[in-house]
Each structure stands twice: as structure tokens, then as C-alpha cells.
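Note that subunit A is present in both complexes that follow, paired respectively with subunit B and with subunit C.
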Partner chain A sequence: MPRKQPTEEDLERRKIVSVNAETVTDVTSTDFPGNWPGENHAWDIEKVIRDTKIEFHQNEPAEASFSLIGVDASIANAFRRIMIADIPTIAIEKVFIDNNTSVIQDEVLAHRLGLIPFTGGREGLDNFMRWLPKPKDNEPIESTYFDYNTISLELKVTCTDNPDAAPGEKDPRKLYNHGHVYAKDIVFAPVGRQVKYFAGEDAIRPVNPDILIAKLRPGQQIELSMIMHKGVGSDHAKFSPVATASYRLLPTITILQPILGRDAEKFAKCFPEGVIGLAKVTKEEAARQGSGYEGHAGELKAVVVNPMLDTVSRECLRHGEFKDKVRLGRKRDHFIFNVESTGQWESDAIFLASIAHLKEKARKLEQQVVDMVR
Partner chain B sequence: MAKSKSRTKAPQNADEDDVVMQELPTSHQPDVQDDASMAEANGEDDADIEDEEEVEDDTQRVRLLPGSTPTAASFEFLDEGHTLGNALRYIIMKNPDVEFCAYAIPHPSEPKMNVRIQTYEGTTAIDALQKGLKDLQDVCDVVSDKFVAAQKGFKKKSIPP
Partner chain C sequence: MSREQYQIPTGSQQTFAAGGSNTVATSTNREFETGIMHYTCGDCAARVPLEKGAAIRCQKCGARVLYKERTKRMVQFEAR
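Presenting the complex of A and B:
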């Protein structure tokens, strides 16, 4: 006898992670062949094409937010991890200090310089710049430095008194020339074909020109040259293209029994603004037997307006009057991504790059498996 | 944007005597003659990159661990971690011919990731692994297409009519 197949409703319910007062349950996905007797959960690319959805909430160069719906956590998490650790950017890797008489120590200064996010022409960064290969044994490190893998920068500032400052001036920025050293004081020194790829608007430059690097007083001097390479976040966080790349699951709020009047107002206050709204009980609802609204026509009831804004604080579960009237959860296959770029990449391009990276990884390994068998 | 231009140093001229003989990198490739088009230069670059990748591919990063039978095998991946491990495990578990699939990173200070696959009769663990890697590429294509479509739709919406 064939087993009963699950209804749409059953399948939707299985996607919910339950958020209870003290515990979180039903965390693991169960959509595998053999998990549910008589059900087929085999990989089906047509079903994936049908079910996968993307909805944008925000798309700006510095920050993007979108929902990735219908994929498993393992896939969504792979994209997130790749965005943080595997998408390459260029950053300052070596600092040659010729003179540093400022109060900030050489190694601290070098570290600060490394963390400054830089950007430049996309064409040059993507297609012209390449990885820096390791030098061969017994060869100096700079033996592999070429215009297509190394970018030179210089920083030369000397602090002097500002003769034009007003008498009694206290602001060091007006009292001295170069009292503050900013990222905008860094000079890009193009070499070879970099002149072509990083010209004018496309020049290698700090994303935020006003990052404070050091403070100087008259007579102090910083004179150094720097070298940038391509790198990945798994090597050092300064190479990560994202400030944050994270996802959260879409919260669900199910009102099981009517919440009316003063209770409804209190219920709405348990959530961030915009999550719960108040609506009047209609005559039809009040007339329907067993709806729980009998005789409450015209009163206010609590309705779920936008669960996406919820923080899942579970405040409503702390109050006895809402006991058994509400159920909280999260949708296991609805990932609300938030990607914040450091400026070298556009935020949406980072996610696209992470997809391409995962595909390339799988393609290379597929080839390796073929080679292994041979 | 005159300011940004001033932050770029004039390119070094090789003929000048006072060029700082530091670590300044120079191209070891012949400069593109005259004002040859950028496209030509790009073509040259692409060829070089392909060469480099071929060299990279030489190292074998997947290994069949000893003690494996056709239907039950363990694989060792070098330089892979949870990123690929968990995604691959999920995709392989979706294969109805697979009885069991799991991944592990035996020690955090070794760059190794192991995948165990056991299949039912009629197929092999290696086939299941290959199918898994193929399916992973397919899902990437789907997400990529949907993302690009959503991106375009979102831009259109934000432009006032």
C-alpha cells in the first residue's frame, strides 16, 4: 500500500525551526532520500530551479541586502564563508620605513597601513593584477615582483609649523602643516602597464581618504614606501573584501488564537516596530462560529505585518497571557544576507564572485577526481 | 578630481639616472609597442594566466584513502575545509544511491578534509562523488542566474517612472 505523500502544508511546516521559550528545536534539515519513508527527496535540478528565489532589499555599492530562498544552509554558508575568506583583494603587504620619527612605532604604523582599504580600476584589479608567486629558493623576494602583481605606494610627510595660524590657535590641524597624517597623503607610484590600467579615476587610492594614520608635531617625519599584493581573507583579514557578510533566517510568527484589545497592544509592544499591527475584527469574523472572535466585532486584534523586522527576542513568550496563542520560528531555507563591502568590490559583485568561486572549486576538484581514477 | 590625480606619482622613466634602485617592480615582458590597443594587451594577459593555472593543476589534491571498496570509500582533500566539505556532503546525501555520506576535518592544524561515502549496490562511491561535484556546479549556476535576474529587476524598480 502506497504511503501517504506529504501535503504542501506538511512540507512548509518541516521548513520551520521552532523557537521556544527556552530551547530551539527542529534545527536540522530532513529533506534527504531515505529520511521520510516512502518519500522522494532525491536531487532534482528542475525542482531547485523552481524553488530557488532571490529578492533584493537593498543594493548599494557599499552594502547589499537580499534574501536567498530555497537552498540548504550548507550551500548558503559556503557562499558566506567564501565572501569572507576566499575573494581576493589588494592590500599593503610590505612597508619599507626610511625614516619614522613620529611617536607611533614602526611595526604599529606598518600594521595600521596594512589595514587601510584601497580601491582602483576594476578592469586592472580583475584582469591585470595577478597573484604574487613565491620566489625560487635562494632568490631574493623581489625577484618575482612585476607590474602585474605588485603595486608601489609612498608616504612622505614632514610636520612643520603653520606660519599663517591665528595667534592662540589650539587646533593642531590648523597650527601645524601635516599635524595629522591621513590616508589621502599616500601617493600611488604606477609602474609599467599600471600607468594604463590605473590612470586618472582608476588610480589606486584609499577608499576613505580621511583615515587617520598618525599624528605628528613640528620636526617629526614619516618617510616610507609600501608594496601591495593580491591576497585572501584566510591569510589576513585585511584582504577580506567585506566588512561583514552574514545571514539570518527569516523569522516566522504564527498567532494561534485571537489576541484582542489591551492584550493586542501589549503583544505589539513585545516586538520591534512594524512587526505586529492592530486591525479591527470584521463583522464576518465575529459571525463565524469557532473563530474565537464571536462577539468581538469592532475590537482591535493583533496581526502579523512584517516578520522580517523581528529580532526574535522571544519577549512575547515571557508573558502568561500569550501562552499557547503564539508560535515563533524561523524559516530554515530563507536566508537574509547582508553584505557590507570595504570598498574595493561592489557589494553585490562580491556575492556573485563567491558563487563563481564555489563553482570553480567544484569544477577543478571534479577534474582532480577524474585524474585520481586514471 | 584633480586631488586624486595629484596622489598618483608620475611614472618612473627608465632613462633617468636618479631612479630609486629600490624594490620598484618593472615589467619583464616587452612593453606593448606604440599605442597598441588595450584589447591586444588583454589577450596576451589571458594566455599567460591560462599557462599559470595549468601549472597549478598539476598537484593532485584528492586521494582515495586505503581500505576503500568500490561502494564504500573515504577521500582525502588537501587545502579544503568546511566551505566545500559541508556543501559537498549535503549534495551527496541528496543522491538516492548514497547510503551514507559525512565529512570530517581530522585535525584543525592539518589542511585536510576527509569525505566518507557509502553507496548501495549498483554504483560506486567515486561516481557519487563525481555526481556531487557536478550537482554543486549546477546549483551555483542556478543561484547565479537568479541573482543576476533579481539584480536587474531591483534596479528597474528603483528608477522612478
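Presenting the complex of A and C:
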């Protein structure tokens, strides 16, 4: 017996995670083979190409927000994890301290230096810089240092009294020269072809020049050199190209019965601004039998304007008058990503790189499966 | 290299030119050979030279607390 195929409406409803007053239900996806009798949910490349959508809401170098629609949570989560842990950046890896008479300990100073985000010319970072290879046994680590995998930096600061300071000056930044050591005091020392790739505008530099590294008092000195390598976030968080890379599911708000007048205003206040709007009940709606608007023409009713702004606080479900008039949920295959770059990459480029990375991983897996069968 | 045994550092240990200089002020070597050590006064922070057997006292302010100076050798750390 052929079974009834699901309607478009059925398919949409299956995508909703129900957010109830005290529980969250229908969490797992159901669109996989064998789950719905008589329905074919086999993976199909044509379907993926047709259904997958990406819409940008905000796209700035430091922060991007976009919707990834029509994919499974496993795929969206893979992109998130790749962005955090697998996209490479350069960061300070070793610190050679010649002198440090400041109050901050060598270890802590080295750790702080490592966490400073740096940037430089894209061409040099993407195509010229390579991974640092492991040194062969009984060979010193320096034997693998070359201009294409090691960047050196220097920091030499001595604090002195400022003779020009006004009498009675209390601000240590004016009272002393170099009372504060900032990221901008770090000097890039190019070697070999780095002179070409990281020249002028493209020089290796801290993304945020005003990061405070240490505080000094007259007579104290910091003198050190550093080397940077390419690394990934799974090794150490300092290599992660993102400050945040997270997603949330698109909230859905369905008004089941009319919410009118004062109630509508109260209902709107249950949500963040811009989620619920007020609209006049039209004559047509008021004339339609069974719409719930009969005789309310011209009154204000609550309408959903922008569910994306909702925080899903469920405040409306706490009020008896709205409890049965509204249904909250989230769309299971609509992921609203928020990616904030630390500055070495443009934030949208991090996402694109994560797609390329997943593709590459899949290709490697495919090769291994082929080898396994052979 | 044994930790205990002091070796006068030379500049030739470093292979990567940019990776941390290991040079040590030659004046320190001379001081070491002449037996004069420098300390830092705990009161006035002056640099106090002391010979073997000399009274432990700052020549500037007379304070009796002197601190040993930081090593002149390069110290390497991982930025982690």
C-alpha cells in the first residue's frame, strides 16, 4: 500500500524544535533514511545544492553574522569547530628573554606575549608562510627555522623619568617614559624574503596596538626577542583565528489566536524590541467568519515582525492570557552564525576557509576509505 | 652542559640569526675575572660593586641589604 507523502507543510512542521514553558521537545532531526515509513530521505547532492542557503546579515572585517539554512546540525557544528580549532594563524611561540627587571615574571610575560593577536600581508600569510616542520632526531630545533616558517620580533623597552613632566604629575604615562609597555612597542625584524612579503602596509604588526603588556618604573627594563610560527587552535587557543564562532537556531513565534488591544501591547513587551509589532485589524479580516477578528476592525493586533531578534526568554508563556495563544519554537535547520575575528583574517574569510577545510578533510577520508577497501 | 658548571657564554651558539641573541656584555666577563661582583642596593637601587671579603654595604646610602642581579644569560620560554 503506497503511503501518503508528506505535504510541504508537514515538512516545515517537522523542522521545528518546540520550546514549551518548561521543556524543550522534538530536539532531534527526523529527515534521515528509514525514519518515516515510505519516505525517501536519502542524501542527495542535487537536494543539498537546491536547499542550502547562506544569507549575510552583517559582514565586517571584525565581525560577521549570517544564516546557514538547510543543513544538518552536524555540518553546522563542524564548521564552527573548524573555525575555532583548525584554521591556522601565526602567533608568538618562543620568547628569548635577555633582561626583564619588571615586576611581571618571565613566564607570565611570555604567556601574555603569546596571546597578542598579530596580522600582516595576506599574500605573505596565506601563500608564503608554511608550517614549521618537526626537527629530525638529535638535530636542534633551530635547524628547521627558515624565513618561510619563522617570523622574529623584538621588544626592547627601558623606563626612565620624564624630565619634562609637570611638577606634581601623578599619571605614570606622563611622569615616565615607557611607564607602560604596549603591543605597539614590539618591532618586526624581517629576514630573507619576508622583506618583500611583509613590506610597508603588510608588515607583521599587532592587530590592537594598545594592548598593555607590562608596566615599568624608572630603571626597569624589558629586553627580549620572540619568534612566531603558524599553528592551529586545537594546539593552543592563541592560534585560534576567532574570538567567538557560535550559532543559534532561528526562533519561531506562531500566534495561534488573535491578541488584541491592551493585550497586544503587553504581549509585545514580553519580547525584545522589534520582535512583535502592532498592526490594525483590516476590514477583510473582521468580515471573515471564524478568524477571531469579527467585530474588531480598526483595533490593534499583535503581529510577528522579526523573530530573529528574539532571545527565546519564554516570558510570554508565564502569562495565562498568552499561554494558549502562542507557540514558540526554533527552526532546526536554520543556523544564525556569529563570527568575530581576532584580526588576522577577515571574519567572512574564516567561514569560507572552514568550508574549504571540511572539503579537504572529506577528500582525505574518501582516499582512506578507498585504500581500506583495496 | 651541566647546570652547575659556569661557562662563559660565547656568541656562536645561536644558529638562527634572528632567534634570540645570546651575547653577554663583555664588561661582565671582565668583572667575573677580576672577582668584582655587582649587587643592587635594597634601599636606593644603586649598583654596588663588591670585592671578595668586602663589607656588605651600599657605598651610597649605607644600607645593608643588597640584592643579587638578574642573570645576564638569555632565558628561553614558551609563549603558552
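Criterion: the second predicted complex is superposed on the first by the 374 of 374 C-alpha atoms of A that agree within 3 Å, B and C clash if a C-alpha of one lies under 4 Å from a C-alpha of the other, contacts with A are read in each partner's own complex, and residues count from 1 in each chain.
Please note the rule applied: a contact is a pair of C-beta atoms (placed from the backbone, for glycine too) under 8 Å apart; a residue touches a chain by one contact, two chains touch by 3 or more.
Bear in mind the structure is a predicted one, so any value in this text is a computation, not a measurement.
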Looking at the overlay, what does A:Arg363 touch: subunit B (first), subunit C (second), both, or neither?
-> first
Touch check for A:Thr101: first (subunit B), second (subunit C), both, or neither?
-> second
Counting only touches as set out at the top, which of subunit B and subunit C does A:Ser225 meet: first, second, both, neither?
-> both
Who does A:Ala91 touch here: subunit B (first), subunit C (second), both, or neither?
-> second
Which partner does A:Leu113 reach: the first (subunit B), the second (subunit C), both, or neither?
-> second
For A:Val191, is the partner it touches subunit B (first), subunit C (second), both, or none of the two (neither)?
-> both
After superposition on chain A, the subunit A residues reached by both subunit B and subunit C are 94, 96, 142, 145, 150, 152, 189, 191, 225, 227
Which subunit C residues qualify as touching subunit A in the complex?
-> 14-21, 45, 70, 74-80
Inside the complex, what are the residues of subunit B that reach subunit A?
-> 1, 3-5, 7-9, 11-12, 22-29, 31-32, 38, 41-42, 45-46, 49, 52, 57, 60-64, 77, 80, 82-84, 86-91, 93-96, 98-99, 126, 129-130, 133-144, 146-151, 153-155
Going by the contact rule at the top, pick out the subunit A residues touching subunit C in the complex.
-> 91-101, 106-107, 109-111, 113-115, 140, 142-143, 145, 150, 152, 189, 191, 219, 224-227, 236, 238
Which part of subunit A faces subunit B closely enough to touch in the complex?
-> 31-34, 40-43, 45, 48-49, 52-56, 59, 66, 68, 71-72, 74-75, 77-79, 81-82, 85-86, 94, 96, 127-128, 130, 142, 145-150, 152, 154, 184, 186-193, 195-196, 198, 200-201, 203-205, 225, 227, 348, 351-352, 355-356, 358-359, 361-373
